[in-house]
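To start, the structure itself, in structure tokens.
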Amino acid sequence: MIGALAAACFVKAFGAVFLGVARRPHEREPVEAPRTMLVPMAALALLCAAIGLLPALAVPFLDRAAATWSAAATAGGGAPVPLRTLAPVGPLGWITVLSAALWVGAAAAVLLLRRRMRVEDDQRVPTWDCGYAAPTARMQYSSSSFAEMLVAIFRWALRPREHAPRLRELFPKSAHHRSHVDDVVLDRWFLPVLRWIARKLLWLRFLQPGRIQLYILYVLIAVLALALSTVPVGELLKGLVPR
Amino acid sequence: MSATADALLVFVLMLNFVVLGSGRIRSLIYTVAAQGVALGVLPVLVHPAGLREALVSIGAIVLKSAVIPRMLMRAMADLPVRREVQPLVGFRTSLVLGAVATAASLLLASRLPVLGNTAVRLLVPASFATVLCGFIVLIARVKAITQVLGYLVLENGIFLFGLLLLDAMPFLVEIGVLLDLFVAIFVMGIIINHIHREFSSISTERLSTLRE
Amino acid sequence: MMSDRAVDAAVQPLLLLLLPPLLLGVIVKTKAAFAGRVGAPLLQPYHDLWKLLRKGAVLSRTTTSVFLAGPAITWVAVVLAGLLVPLAGGAAPIRFDGDLILFAYLLALGRFFTALAALDTGSSFEGMGAAREMTFACLAEPALFLGLLALARTSGGESLSDLFGAPIAASWSSATPTMVLVLFGLFIVLLVENSRIPFDDPNTHLELTMVHEVMVLDHGGPALGVVLHGAAVKLLVLSSLVVGLVVPVRVDAAPLRWALFVAATLAVAVAVGVVESTMARLRLLYVPNLLMGACLLTGFGFLLLLGTHP
Amino acid sequence: MELATIALPLVGALLAFLVRSNHLRPLVLPAFGLAHLAATATTLASGRTRGSLPWLELDPPGRLVLLLVSVIFAACSCYAVAYLRLRSDRPNRVFCVCLLAFLAMMSFITWSHHLGLMWVAIETSTLTSAPLLYFNRTGRSLEATWKYLMVGSVGIALALLGSLFLGYSSLAGGHESTLLFDDLVAHAAQLSKPWLHGAFILLLVGYGTKMGIAPMHTWKPDAYGEAPGLVGALLAGGMTSCAFLAIVRVFHVVVAAGDADFANPLLIGMGLVSMAVAGAFMVRQRDFKRMLAWSSVEHMGILTLALGLGAAGAFGAVLHLVNNGLVKGVMFLSAGNIHRAYESKSTDEVAGALRRLPVSGALFLMGFIAVTGSPPFAPFVSEFAILNAVFAQRRWFVGAGMLVTFLVVFMGMAATVLAVVQGRPSEKAAGTPFHDRVLTIVPPALLMGAVVVLGLCVPAPLRAMVDEVVRYLGYGEGPP
């Protein structure tokens, strides 16, 4: 489930942001980020691809790290039991072969298809709109509409917030509908609990009202409390009866 | 010899109740001074008379019954503040508390292994009672000057207990303790003056702005 | 025996590429038979594909390079997934521990890129299709995974080939309830993944009702061909899972095995056709419930095993 | 040999009293402060720890506290010069005299080896520090001084009674009554138990009041909140350490008497209570000086708790004593700077300290990160050792309680400190004449440097002293 949810989330994110038509006219022409920002991202991407392609390279590093950790686990004595080293776990050979096949195959297919379907820009036509009179860019699927079905399924957990228009007049003018899902765990459970605790702790402030007599009383109470806590109650009762 | 010591100790206990019950600050100071005198005499009675004991008792008498009360009286004189003692907890309740405290200290003392040979069996309970009465005065009175007197009563109680182990305390330390008491009262007197100048009253109700 | 594996390895890719359109033809034929029509000839899909591959292309102005990459990558992913599955009871050309996870995620990869290509066109129809497809996938994937896990537990192996080989016969006898549940579960997954009737009507013309078709709405010419062939291969791959379950018999002779496999696959296609013609499309709101049902089926099957098998 | 460390400051006090000009007098402070540091160093290096009188002897914990007090005073005295220059409007005769007298008394505490003598020293130090609190001459600081003096004196009176109990317990135990630590430890086995227990309770409450552990902590937020930053640093760094020293010495007697399992639960209980109270009152605290006071209450709670853990916790406790002193020094001095620059202590008016006072603000922030026990700094090492000890002894609830209080304290302090440090200073704040001066920044920076160094590696001589204290407590070799 998690894999599919992740896929859905990234399709939504990538699609809404990069693909389709611009929803609003840009104030100023969006310009590519400077090279210094691109290079780090590219480097990281390459690194991921490299590990994906040749996991065998990363294994020795991971092994050593895991070994130290596992050795520490039994520092109390006894021979350090090394964790199952990563090598035999993952069929690294096959993974390399398959990912290579995937890369090469995909590249070849894309190039082949692109050569077959070379179309000059001027011959391009608007997307097929099933004959609708005036499709506007705003009719595209935005991110919340994309996720609407999923949110509906998990409504009990996500508690989406709806801002539906309330129609008041007979002939409603412009209306808007916005729904968003806030960070459930943080907003719904964590912060309210913290606020409640803070209120409870504030209530304790009456313990320090500023009157000095009370402070001296606290000192006396401390002595009595300590004295009583050490003398077992039984002996205390026995002690009440003077010898 | 121990009979007179016992009598004196009973007198000290009585003074405790007078302290708790007295309504006017002036009488409070006199009572504490009387207690000072009674305590001053005790070291000579309890331990075989020696130069050290004599010096300690003279020092105590001079300090507790003369120097400090006069200082407090002078502090009282230039404070045009009403003379009554403002009790936080009514006089009667303080007296009842005092009685309970004395009973408890008597009981506690009876359970603690006091060495038989000390001439005075009553010494330990008396000191506990005085300490607890000092606490009651500190907690149950509003005016700052009465708190100083409560502290004095507390010190008297501890001084009483100190009589048991006169030889443990080197003479120098004994005088040090008395000196400290004097300086403490002196500094408190100065602060009371400042309080009066700042708040034009020495009741601790004005002294409760700092709170959480 | 070595030559036998080599034969398998050679036959499998060929079969992967050639057999699938036939399955589509068989499904169309069975539906026609049910409707009392003669229906299109069995080889019609081959002709469609051939025609599409040679047609000219029309591209929308809003599309970027992602648009064409979608179908290409999907096709490659599905074919690779095909290579993982032991078609004829033998061993798959590519076999390693844990390849069932790779298999599921290759299918997911294909779906991912199809959806991206759909969003690239910027039309609300494709967006709707992509949204629905992703939602259904979220519910179908767990069913697939649980089913494969249940099989892995019964057969004790960890790679697809171990699952579907000899142990199937043994597990049918030892854990029949599980096998039945997993079979139904996988069959429902088959229907969802290939957007067959209960979930989506492949040959409807009403965009609003489509799921998978509307995603590929804007593809034309060779791209559409690639998409159709990819979908067909996916159908073959998933039905081979079902076949592996249903046909436990292990026969040594290679040609006989392959023949048996082709026959069984066609039988599955007929079954799909039967389902399509007997059931109507489910309302969109009920689809999640049915998918939840599939998950429960395979999940329950898996739970049943917890007690018995180590 | 002890003359140097005690007499020197007294001579300094006298000199300060004699110096006429308000301007020159502050210079006496660093002179004698550094001289005192030098004297301490030579005394410790030379190892001559036996005083001329039988009652004066520097035992291992005494050495450590003397060094700590001396270092903090040296830093504070340099800071004081600039501080008194900035506050030249106010006569500082009483302030300088009392400051040096305060140092003398603290050294006297570390040297004293007789319970009664130690009591006199602590009482006098309370009396000498009272005028320091009243330096600002406001109604609030007057009230703070009164409370400090009153609660402190009552607390210490109980400590005197406790000392007499201890003396009497040796008398009741058959030996002649004595208050010398060596004799007490020697006869520890024969001390009569009820008197010993009574003595320990009274001494714990008495000196606990001076340390400021709950429930006797009530004077601390008022006193530290109203005192100038300099005095707050000295009190939080020096005075509390001396009070803890007194409790360590008494605890040593109790351990020698074999009653450790009587004392440990008390210490752990008091420690946990003070940490909880500090945590509770730290939440939504708008006055950052009072927040520091609550942080001091919390750290005293940690010290008491660690002392109660026995052998394992002793190392952490002693190390934490040093770390806490240094970090409190940094926090109070930088808080003093911020308070003076903004002329307000409440987080409503104070904001953007990093912009307004770049160095002090940074030190205040680093101090906060150190005080809440974050890794690169010293308190982390000691708190980690303490927690390690707690969990090694399978005290799950105590450990859980500590961790929860650390979290609550961190959240409480973070809210206040970040409100002070971040944001943009108001125009009124930008207008005030006070800015970071060399002498107001260098002392806290040096202390911070020490905290960082201690966080990375405990230097050998210090390590030796700490191990000595652990041995002194009778636990043999401390944990590695």
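All chains are identified by letter, namely A, B, C and D, in their written order; residue positions are counted from 1 within each chain.
To be clear about the criterion, a contact is a pair of C-beta atoms (placed from the backbone, for glycine too) under 8 Å apart; a residue touches a chain by one contact, two chains touch by 3 or more.
Since this is a predicted model, take the numbers as computed values, not measurements.
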Among the chains, which has its CA centre at the largest distance from chain D's? C
Can you tell me which chain pair comes out on top for contact count? A-C
Taking each chain's centre as its mean C-alpha position, how far apart are chain C and chain D in Å? 74
Report the inter-chain centroid distance for chain A and chain D in whole angstrom, where each centroid is the mean of the CA atoms. 44
Mind checking the centre-to-centre distance between chain B and chain C? Centres are C-alpha means, answer in whole Å. 97
Expressed in whole Å, how far the mean CA point of chain A lies from that of chain B is 68
Please list all residues of chain C that touch 2 or more other chains. none
By the touch rule stated above, which residues of chain A touch at least two different other chains? 205, 207-208, 210, 212, 216
Could you list the positions in chain B whose residues touch two or more of the other chains? 111, 135, 138, 147, 207-210, 212
Given which chains touch which, is the overall layout a line, a ring, a star, complete, or other? other
All chain pairs satisfying the touch rule are A-B, A-C, A-D, B-D
Note which residues of chain B are touching chain D in the complex, please. 111-115, 131, 135, 138, 144, 147, 151, 154-155, 157-158, 161-162, 164-165, 167-170, 173-174, 176-177, 179-180, 183-184, 187-188, 191, 194-195, 198-199, 207-210, 212
Using the touch rule from the top, collect the residues of chain D that touch chain B in their complex. 55, 114, 116-117, 119-120, 123-124, 127, 130-131, 134, 139-140, 142-147, 149-150, 153-154, 157, 160-161, 164-165, 167-168, 170-172, 176-179, 192, 194-195, 198, 221-222, 225-226, 281
Within the complex, chain A is touched by chain D residues 146-147, 150-151, 154-155, 158, 197-198, 201-202, 204-205, 208-209, 215-216, 218-219, 221-222, 262, 265-266, 269-270, 277, 279-281, 283-284, 408, 411
In the complex of these two chains, what residues of chain B are touching chain A? 88, 107, 110-111, 135, 138-142, 147, 204-205, 207-212
Where on chain A is chain B touching in the complex? 205, 207-213, 216-217, 220, 239-240, 242-243
